[in-house]
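Several structures are given next for inspection.
One chain, subunit A, links the two complexes that follow: it is found with subunit B in the first and with subunit C in the second.
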Partner chain A sequence: MTFTVVAASYRHRERQRSAPYRTVMAGVTFGGVAVFLGFVGILTMFGQREVIAETLSLAHLTIAMSAFFAGLWVTHASSRTGLAARVAQGLGAGTVAGALIALLALSIHLFKLRRVFIALKKDLLDILTFEQSIGAAVAVLVIGGALCGLLGAALYLMPRKLRRPLVVGLTWAFFVGLFQELIQLMLQYEFLMKFRELFFTWDGLKPQGALIVFAAAAVTAAAWQAYRPRYDSFRENATPGQARMLLGFKILIGLVLIIGFPAFAGNFIGQVLMLVGLYVLMGMGLNLELGLAGLLDLGFVAFFAVGAYTTALLTSNADIAIANMSFWQALPIAVVLSVVIGVLFGIPVLKVRGDYLAVATLGLGEIVRVLVLSDFAAPVLGGAQGVLGIPRPSIGGFEFNDPVDLFYITLVASAVAAYFAWRLENSRLGRAWTAIRDDEDVAQALGINLVNVKLLAYGLGAGFAGVAGAIFAVMLASIFPHSFQLLISINVLALLIVGGMGSLPGVVVGAAALIGLPELLREFGEYRFLFYGLVIVVMMRLKAEGLWPSAARRRERMLEEESRAAIEAELRGGASR
Partner chain B sequence: MTAQAASAPAGTRLKALKRITFVDVVLWALRVIVVVVVVGGTIGTFVKGTYTTAQWVDFFMFGLTIGGVYALIALGYTMVYGILRLINFAHGDITMAGAFSAYFLASSLDRAGTLDAFPLLAMLAIMALAMGVCAGIALIVEHICYRPFRHVKSLAPLICAIGASFFLQHAFRGMYGSTIRSYPDPEWMKGRLDLFGFEIPVVQPIVILTALGAMLFLYLIVQKTRMGTAMRAVSEDRDAAALMGIDVNKVIIFTFILGGCMAGIGGVLYCFVYKQIYYFTGFFPGIKAFCAAVLGGIGNIPGAMVGGFFLGVVESVGPALFLDGIGITAPYQLRDLIAFTMLVMILIFRPQGILGERLASQRA
Partner chain C sequence: MAVLEADNLHVFYGNIHALRGLSLEVGKDEIVTLIGANGAGKTTTLNTISSILAPAEGEVRFEGDALTDVPPHDVVGRGIVQVPEGRRIFGRLTVGENLRMGAFLRTGKREVRQSEEHVLTMFPVLRERIRQVAGTLSGGEQQMLAMARGLMSKPRVLLLDEPSMGLAPMLVETIFEAVLAIRNEGVPVLLVEQNAFMALQIADRGYVVETGEIVLEGPGRELLENDEVKRAYLG
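Now for the complex of A and B:
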């Protein structure tokens, strides 16, 4: 049996479970997520962040959402039962989720759990009980869970025309509330003051602000929904000239946004965007290795370190520096050296495949880190003290000092790198990479020189990371071995998985989602890797092709869907007979 | 190959010389460097004579101790590899999870005085808890990360496992806190023991004997029980085993439980050696245990045991023996280097390991 058939039959069996089983499972799953968030302390942290000032904290929203999604999910999963049954199931699932959370509150109240689980203490209990007595809280949680489950079922059963604007409006209100600090930061200008007071207090989004945002977004969504067919028919019937103009217009808006926005939004956003840019650079490098050539490299951070250390040693005014170049002179040397190291890195692991490659490259990366950190290499690389005093780059008297200035360097570097990556992807070499990813032996039989092609993948991938490393060095003005942990490789891997392996726009999407979001939500930083691990697993399970799949993957996916649908139809026919 | 080259006329030999590529040169250079460091370092160290015999015995015994722990963890890698042909990347963190959970029991038993009053019983309870937690988490990881990909041949399960590894680390960080906790140090573990005229800490023979006992137990299970026979059959050929009426699913679950139990014992022993634990404790022992499994030949159970002890001893003796001799300052900082270098060298030059079959290059 092929995998598709196995998966389809598995899914078919899942769907045949009885309705009560599904209801309880949905409640336990989604309620369990909320309980887990409580156990690891995320819920406590969420309690301090208010989506709507003094009305709704993120923790309470999460609790409500767990019951809501339990109801929504069970309604979605029982597509073949009657309307009343589905509503009842939604109610039931929400109740189960609420009850599970109530159980957590009860056990924190009764037992001294915080001796082992540090997060299960008074703060969390206050959040779970809404600062009321425990009996009242249990009732509120169970009944509230039931209501939220019902709402979830209702939303799912609503006609699409109504659901769409509602969801869009709620999402917008949520994000505006979540990022209120940043938005307020951007509304600092004098002429925007009035505007700001309408929506925000110093502490957060006002309820009236949330309502306005919700209404505006919902109306816009509804209007767009009505207008959409006309736009689509215009796009389909557009003359080549019109189509080109449309594309040009879109690109223009994009350019204005990406160039103008950081200068407008200030240094904090500039800093975040710059980090995103660095990870985009690294992501494009790893994309050549993993996305195109299928080489899972967990030692990728080593190339980043090579770029950073080369730049540091060539430009710094510290004692161990070997030259006193400008950033612009050092950058090409750093890139070339990264490429060389990449090739040297690749040679020992040429014949190592698949799983082994991951661990072998992890080992190589760790070797680099341990060496850099050791006293043995300290006379050359500075050891644990690192390299200090790296000057900022400058062009003709203009010094790139602010994060926003440096962001523009990153932007230009990313744009150039993206052009290279795009051309490489469609070149003979790029096709050779794809071939060895799909089947090494067949590729070799077709006359591809495995050694050269693989070493080029390592070398060129390393070059991208080298650029990122060089910019990283001047950004911090000093570098330490502790900045080059294995976790960076994992970050880059995660962003590729999220964006979609082998897809250039995917790299940008992944970097924005994984690097940008946690940077913007500062206090979430502590849980960043929990989130990354989770995202990797969930993406591999549910959407292995990523958020923005490459064109080839999209085609494959479509074929797969078709065959799966056919098989499922056949299975269903067999079951009813 | 060599026989052909020897009998060939001089002309083809020249051509063979021309066929030497840059890659070969680098690989040979690597071999030469390693041999020079090992041989040169050893000679240098003995000429300098910095260390006394007692110190060497110390290094060796510590190596055996930590090697026993590596061996226990490596068994989990090797058994899973034998059956599913994949690396359970999260195994190190599963180990940590068990040992970290057992910490709370251990410290409360220590405070109550039970650990000193009934050492055997208390240790059994601590290990049982660790084993239970490890086996449970191993099963969850199998269910979520590996089962859906059982029929796919791709990087997906490995990537999933990497995700699971970081998820576990940081979930336990959130639950148990990010501070380093110190494992209890009962009185009976503190003393030193006289062994053939050399003094060694009591904890070392305890760890080594426990590890050996656990391994013997595992070996008996694998060799003598029905389930063990089924395990060996599945690792030989999964489809054929299924055709013979073996419930492959059950065997896989059993393997994960067994690997988890060994990891639980290994994790607790590791913590009693180093006396501390925090959420990242499991990662590097895990990677090193994987090195040990590869060293012994992955998929090979006695291989993992031999590989574990071998890696432990080389890692412990190595910095003094190889690195000190060639005049490297602070050789102990480079300790981890030895394990990783060994891993890479083994993968390049002898992927079948010391005792194993050639699996590494077979799997694409």
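Now for the complex of A and C:
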């Protein structure tokens, strides 16, 4: 726990920095983010996306937000200064951020920067100047920045009762605006016409729509806040019967949402949800290997490929197919074969530990991909041409053709897999995995058979990926070697890290955040991985245990926080003495 | 009659000849201590008995059966339980979870509960801290937990590797009292120690190991009086 002490004293020192230093730093940091987004071209792209139709583009919102968060952050970091000083600091930080962006506008105006930085051209200048003269723009940016910084400080300082509804309302309005196309797509039904026109034009969210969304969300949040204590006391005093009913009710709502929503929302959303589902399946598999047993595996995509190719070869009507089974007959075979491959995969790396394991599994995964692509295996696996003509699954006369139909298959598979994973986690085997994760030698000294336990981790983990692969094959109706890149392994690993290692709900949250969100924001295409990397770095700085940490991690974190608080109290006491 | 016998063990790490024909015995109801300088081969001996290392020559016998080719987890299954040196507890699990890990090979729920009750009576500090995350225990508490966890496997012979390392004299005494209690319950103990004075006081018999060989053996009291031992280990 010495680590905690170091971290806490470091924080303590940070707080000791002078107020002007903090103010300028906050402005430079957040303004710098906006400037950076300008340099790489993201701001220009944001300019084309309107959060509120013909009123507010995402680019302008980003600029305003950089000043806003500079003000908010500096207010947060100066918790021990007076009220007036904090407001002044907020104002200052916002001004600095605005000035930095104004400087960018000025530089683009004065110099031909686009020769080096191709994103710094007229479109960006138009955004930064609001299509006004450069002098007016600089004034607007600096003064606007100051105002936004002030608002940030105000938001932080206002009473919680007011802040919560405001934040909730704004967040909702923002997301409805951002995803307006998707939402409009869902409101295609004739009887919803009037409703849709209230909020949206064809181009985006109307200002009045934004206002309504904001008001509705804010009022709901305020009402919930007022009602919350009563609800909490009800929950605490509930009889077991009532508690069970409450839980049942929640589960019911959840079920209705997850089952009803995709059917209502249509095929695009269905497709995205299905992809999320496939990653949830793979995430649960890798979670057994890495989260529970602590075996890092960068070749995980190999098992996904085994599931997909087995299903393809067993069901396809192409020439190289080896059987003409239905999906339902092929699925169990695909899973069993994945498990077998998983175990075989585990054998050569049994004695490899730590960093070396990452490299060894990376190599194994690549071997599988190269093998599939090779001329040597081409007569069996189809080589670069892949396997075509994989039929869709069907039950009775019903054929699962649409993405939404296939989503339901994924959903059922995920639910079954989740149950299985949950049982495993709490089984003897699960405990053995936890033991080898923490200390292999001691685990052995307690009578745990390292070989069996490790191979089972690889095998069972692979089984989950096999299910995902099988569904993936019928989803695409044809598969190619290039679908099974290292990137998939890395995605699965990243979603575990973001969601929270060793936590089942974390897998779902991680998949939704890392796979679902970018999929919904497809047009951001080429910048996807930039955001991806950014999210992971920020996560590691702020919430290293993941969005939905496992119980053990949460416990650890709590302990750390407690000791940190204790240390800070101690230091503060010492300072005032 | 000896419960555990090591017979003429030769162990190599690459070309380092770590054990050179080492033999020892642990009898029923005995505390046997193995003392020696750093690097003499004490841990190596325990690891060979636990089957983690395979001897190039010689064999280990437990209740008359040779343990050659028995994998380490089966050795534990037979009742030879080692508490490794350096307080290696599962730092992220709670004290209770650590104890239950110790009972990994056992099936009877009620018996496991009884064992848990038993070790918690032996180490009352652990009962107070049953829900605490083990990594936050003090060094002495961690050592007690490591021993308690070993006992949860229901050993028929217990191998302890330097349980007193780095502990204050008070705690060393607690640990050694526990060793006596374990023996009195009928579990023989093979105790590896650097703290030769304390170890020889409670041991029924002792062995002195030097560069992989036993150079001296005898009853604990006798070794305490031995001039060579006094010079080399008791200062």
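One rule holds for everything that comes next: the second predicted complex is superposed on the first by the 570 of 577 C-alpha atoms of A that agree within 3 Å, B and C clash if a C-alpha of one lies under 4 Å from a C-alpha of the other, contacts with A are read in each partner's own complex, and residues count from 1 in each chain.
Definition applied: a contact is a pair of C-beta atoms (placed from the backbone, for glycine too) under 8 Å apart; a residue touches a chain by one contact, two chains touch by 3 or more.
Because the structure is a prediction, the values reported are computed rather than measured.
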item	value
Which superposed partner A:Gln188 touches (first subunit B, second subunit C, both, neither)	neither
Touching partner for A:Gln132 - first (subunit B), second (subunit C), both, neither	neither
Partner chain(s) touched by A:Arg428 [first = subunit B, second = subunit C, both, neither]	second
In the superposition, subunit B vs subunit C on subunit A residues touched	B
Partner chain in contact with A:Gln444 - subunit B first, subunit C second, else both or neither	second
Partner chain(s) touched by A:Leu534 [first = subunit B, second = subunit C, both, neither]	first
Touching partner for A:Gln208 - first (subunit B), second (subunit C), both, neither	neither
Subunit B versus subunit C as contact partner of A:Arg555, first or second or both or neither	second
Contact residues of subunit A, present in both the subunit B and the subunit C interface	1, 439, 441
Subunit A contact footprint on subunit B (complex, rising order)	21, 23, 26-27, 30, 86-87, 89, 104, 144-145, 148, 151-152, 155-156, 158-160, 162-171, 173-177, 287, 290-291, 294, 328-331, 333-334, 336-337, 339-341, 343-344, 347-348, 351, 360-361, 363-364
In the complex, subunit A residues that touch subunit B	1, 3, 6-7, 36, 39-42, 115-119, 294, 296, 298, 344, 347-356, 358-360, 362-364, 366-367, 370-371, 373-376, 439-441, 451, 455, 490, 493-494, 497, 527, 529-530, 532-537, 540-541, 544
Complex contacts: residues of subunit A adjacent to subunit C	1, 428, 431-432, 434-435, 438-439, 441-442, 444-450, 552, 555-556, 559
Subunit A contact footprint on subunit C (complex, rising order)	50, 52, 71-74, 76-77, 81-84, 88-93, 100-102, 104-105, 133, 135-136, 149-150, 153
